[in-house]
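In what follows, a structure is listed as structure tokens, so that the remarks can point back to it.
Note that the chains are named A, B, C and D in the order they appear, and that numbering of residues resets to 1 at the start of each chain.
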Amino acid sequence: MTTHFLRETDQRHYPYTIGPYHDPVLRVQPGDTVIVETLDAFAGKMVDERTMPSSILNYPFVNPQSGPIYVAGAEKGDALAVTMRSIKPRGPQPRGTTCLVPHFGGLTSTNTTVTLQEPLPEIVKKVHVTEEGIPWNERITLPYEPFIGTIGTSPELESINSLTPGNHGGNMDLPDVGPGSTLYLPVRAPGALLHLGDGHAVQGDGEVCGVAIEFATTTEMTLDLVKGWTLNWPRLETADFIMSIGSARPLEDAARIAYGDLVQWLVDSYGFHKWDAYMLLSQVGKVRLGNMVDPNYTMGASIAKRYL
Amino acid sequence: MTTHFLRETDQRHYPYTIGPYHDPVLRVQPGDTVIVETLDAFAGKMVDERTMPSSILNYPFVNPQSGPIYVAGAEKGDALAVTMRSIKPRGPQPRGTTCLVPHFGGLTSTNTTVTLQEPLPEIVKKVHVTEEGIPWNERITLPYEPFIGTIGTSPELESINSLTPGNHGGNMDLPDVGPGSTLYLPVRAPGALLHLGDGHAVQGDGEVCGVAIEFATTTEMTLDLVKGWTLNWPRLETADFIMSIGSARPLEDAARIAYGDLVQWLVDSYGFHKWDAYMLLSQVGKVRLGNMVDPNYTMGASIAKRYL
Amino acid sequence: MTTHFLRETDQRHYPYTIGPYHDPVLRVQPGDTVIVETLDAFAGKMVDERTMPSSILNYPFVNPQSGPIYVAGAEKGDALAVTMRSIKPRGPQPRGTTCLVPHFGGLTSTNTTVTLQEPLPEIVKKVHVTEEGIPWNERITLPYEPFIGTIGTSPELESINSLTPGNHGGNMDLPDVGPGSTLYLPVRAPGALLHLGDGHAVQGDGEVCGVAIEFATTTEMTLDLVKGWTLNWPRLETADFIMSIGSARPLEDAARIAYGDLVQWLVDSYGFHKWDAYMLLSQVGKVRLGNMVDPNYTMGASIAKRYL
Amino acid sequence: MTTHFLRETDQRHYPYTIGPYHDPVLRVQPGDTVIVETLDAFAGKMVDERTMPSSILNYPFVNPQSGPIYVAGAEKGDALAVTMRSIKPRGPQPRGTTCLVPHFGGLTSTNTTVTLQEPLPEIVKKVHVTEEGIPWNERITLPYEPFIGTIGTSPELESINSLTPGNHGGNMDLPDVGPGSTLYLPVRAPGALLHLGDGHAVQGDGEVCGVAIEFATTTEMTLDLVKGWTLNWPRLETADFIMSIGSARPLEDAARIAYGDLVQWLVDSYGFHKWDAYMLLSQVGKVRLGNMVDPNYTMGASIAKRYL
């Protein structure tokens, strides 16, 4: 069991998308721990409140990813288990950024939900992020509830941009991917090619304005393999619950994927009959809205372990 | 302050939809309390596990509603405040019902999401419902977390079937509408014409198989008016949070309605600037999926009162 | 075979929604012809280009309907066949109106696809409508291709607002409902209770800005019954094709309904095997987008009669 | 002006997805003509009606693409103009294939619109394709109306699987992409990297069962550049109309993209005022449904040239 340290300066962030065409920046063994310095989703360019997103963002060169990390022995058909150990803030204050980006967000027209209306104004808000809390204004302090917004493995053939979540994981923006959780990702390319970034110091369900408290992190995680566990979609486990995660449009399809996969998980791993699982989830299933702003929307469906 | 008792046998359940065309069964003053005996969504016809839904349900004659209740002084432009006091189970055991209804539910094709596949099997499960819990099988006991699945006021002109939620409330299937909460409904017809039914002893987020633990209830609630508070959509308040509720398809539109209305509420009633509210909700907003199975899907977006 | 004339002044346009609660204004026999003077969707109030929609429209009191017309012998389970004979323009020039209505249309946020953006500007354009054409500007003349935008029967229990299309017909805005076509509507209430209005002198696929060339019409149609032909959704027939019509959200559900019903029609009435019909429509099916702006979107799926 | 011939055996069909990571198989000059032998979407493996799709298809290794073709001088910000000259059938009879693929199609649940229902049966139908027509059965002959189902340029960074249409073109399945049309595709990678495949001998609107009459083609096309014409989405031109093409989910977003882009085109290239274009398209716009079965749905919105 080795601990690897992946410094910001050791990485390529090349070319901000991850597929089987990209060379790993780190090779690890199953069971190893990796401490990785992630950039924020704006690559640290949003330095103050006068720096407008439209002057900085050069789509699709956004949301830079750390990695890819090659896990020895990972093959198509395995699952990669990523246990989040800790997520610490990094960099000079004010190190947290939220903002309004033109034609991006849940309450604006976008480049696919097209309207002829004027975009919302661009606004940037910088905040101090510490593990004790995040002052929003004189009255309100946000809790520090960090998680990794974008984390995924390589698709088998594709190289997906880092804004789009899918069955490889990616930009799910799901607050449950925080310290203490284990995320299971499907392995589809040799070595899994894990990549991650887009740390959020705190985020509401749906990430409604499109931007959480974005920050650079030092993230510690343990990587392991579950050989021969073939996942269609990412899954997650905490001390309290198991969760299946779907990403799709429209949003009901994300919910269908998540609940459909959770039914299958209950059948395959916990001995439930399919119809019993379906009816039970109708009584005790829980849903978490990850994002309602990305090219695919993300939802997690979960069940408490006390029912398993 | 009077307490009224609306017995099952005093009601019409006529004709299972409520509009301005229907005569009230009860007239109350603002501040009065009403104790109402509601039927379950199957009008009590699902008496055992051999009674198939398709032999009992005669669509659109389903989901019978208690009421309408006329609240003196309620006029278009007011809000009706319904504070749920208690929800008790009623009727002989096993008094709880869940089931699979052909072409109804979140993981099946339906009469609008049409496919050429065979329907899922019909299955009925009867359970004993007490306030101490609901045994599911030898191993699992469900908690008793009751709420009213369908509750609404009359639309201004329409008479909506009782399966469809909308901006009048209706079949929202939102678990937050339980004891201790206050639901605010828009008044659009004289007297508000409140109606309710579809009690659920417990329900998961989304009511994924389409059916919760359906049961007949004795529901106590206090009705009050907020004069001149014109709501576009239902809102809800508990000791801990305020919530806006949207019902629409696709599901992202329910989320857009809910978050958009919550932004407006923060601006109108709590002194927030619009963009600040929008960005703050991106950090601390919470989302509850009511249903993903009805003719409109329902979502609630909320913010904790500690941020107000 | 009698011909009835339903003058504008003989009608109630009461209360602009049609359900089983509304008394008929005319009773006819199957086979009779009715000549009806319809109002335009703005009840004629948009008299010039300085009259802004927001000052005139009082939602939900819009889109006034002629009728309901009671067809003797029509019972639940029958189909009403409406053959459009002619649609003539009516009233003083400029008798045609199109406009931009705030938060209504296909390229704007709406009251369900909510955004925080400013609405589009209100603009009213009046045009001269004759059967020879509709001058748009010095260069462009639109063709006169009239049809009835809203036409439906009563739901069994509901009273639907006249903006919403559904399985009863209603505000489908489908350009195929013009002279020479026969529209089949499900009968769900005694006498069918046909209502119609919302004449369009011409309209593009989808009615993208939300408003066609709205005009008052004199519409001649023959009403007949097909006893015992139980329709789930409206259907349409011309000299060249048969079409099934779905109305739902999201738009793919309207397409699924339409194609699913057309498969069933081919099986029930034309001797096709289900899978053969499905695969054949994949090669020769045609789709017409009615509206992408109303509370439900409408699509027709058709097949040329030469394949039947 | 050179004519290039790209034989089936000269191609790589490697690795069935096209991005900036893939080496071109052919380099041409603007104005050159290319005659390319395309494979069918099943790479020719569906040789008879007993060969089941599930035994042949190895997702994501499907829908093989010819190319990429490098066009000298093509740079980000240009448009590639592809004029389809002719599409001829190729290979031994029966050279046409349609089929039902499990969990793929418009009237079945899929891997994103998940249900718990059984899949539809697998059925394969082989047909003889000639330029004179395609016999379906003793009674029905389908017309030969060939087009290219999948055609696109490389994204800037991504390598998209060949089943997904997007703003790069791709698997649009739009019947208008036939002989005589000119398709304009955005150039985002040096040389444009055009790829194509998925020839359809005929296809209905929406390709409802998911499969058209798939066939191998000899396709002749002329490639040209429009320097400095930066497209957000593909556009198409015929002798009669101009069309903008959107691909997204839900389907209404494809329609919003297409109509929104067409408004912009009318403003930029034809001198229309934005609101006038919007209102005019509401009267004379036409919509073509490409597919309702792929990971994104495709719609084209068009206007007749006589209005320009």
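Note that in this section a contact is a pair of C-beta atoms (placed from the backbone, for glycine too) under 8 Å apart; a residue touches a chain by one contact, two chains touch by 3 or more.
Computed from a predicted model, the values in this text were never measured in an experiment.
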item: Centroid-based (C-alpha) most distant chain relative to subunit B; value: D
item: Selected pair, greater C-beta contact count between B-C and A-C; value: B-C
item: Distance from subunit C to subunit B - Cα centre to Cα centre, in angstrom; value: 32
item: Between subunit C and subunit A, distance of the C-alpha-averaged centres to the nearest whole Å; value: 46
item: Sequence positions of subunit B contacting 2 or more other chains; value: 107, 113-116, 120, 249-250, 256, 259-260, 263, 278
item: Subunit D-touching residues of subunit B, taken from the complex the two chains share; value: 107-109, 113-120, 250
item: Complex contact set, residues of subunit C against subunit D; value: 98-100, 105-107, 120-121, 123, 125, 136-137, 140, 142, 202-213, 249-252, 255-256, 259-260, 263, 275, 278-287, 289, 292, 297, 301, 307
item: Complex interface listing, subunit B residues touching subunit C; value: 15-17, 19, 21, 60-61, 111-116, 155-161, 232, 246, 248-250, 253, 256-257, 259-261, 263, 274, 278
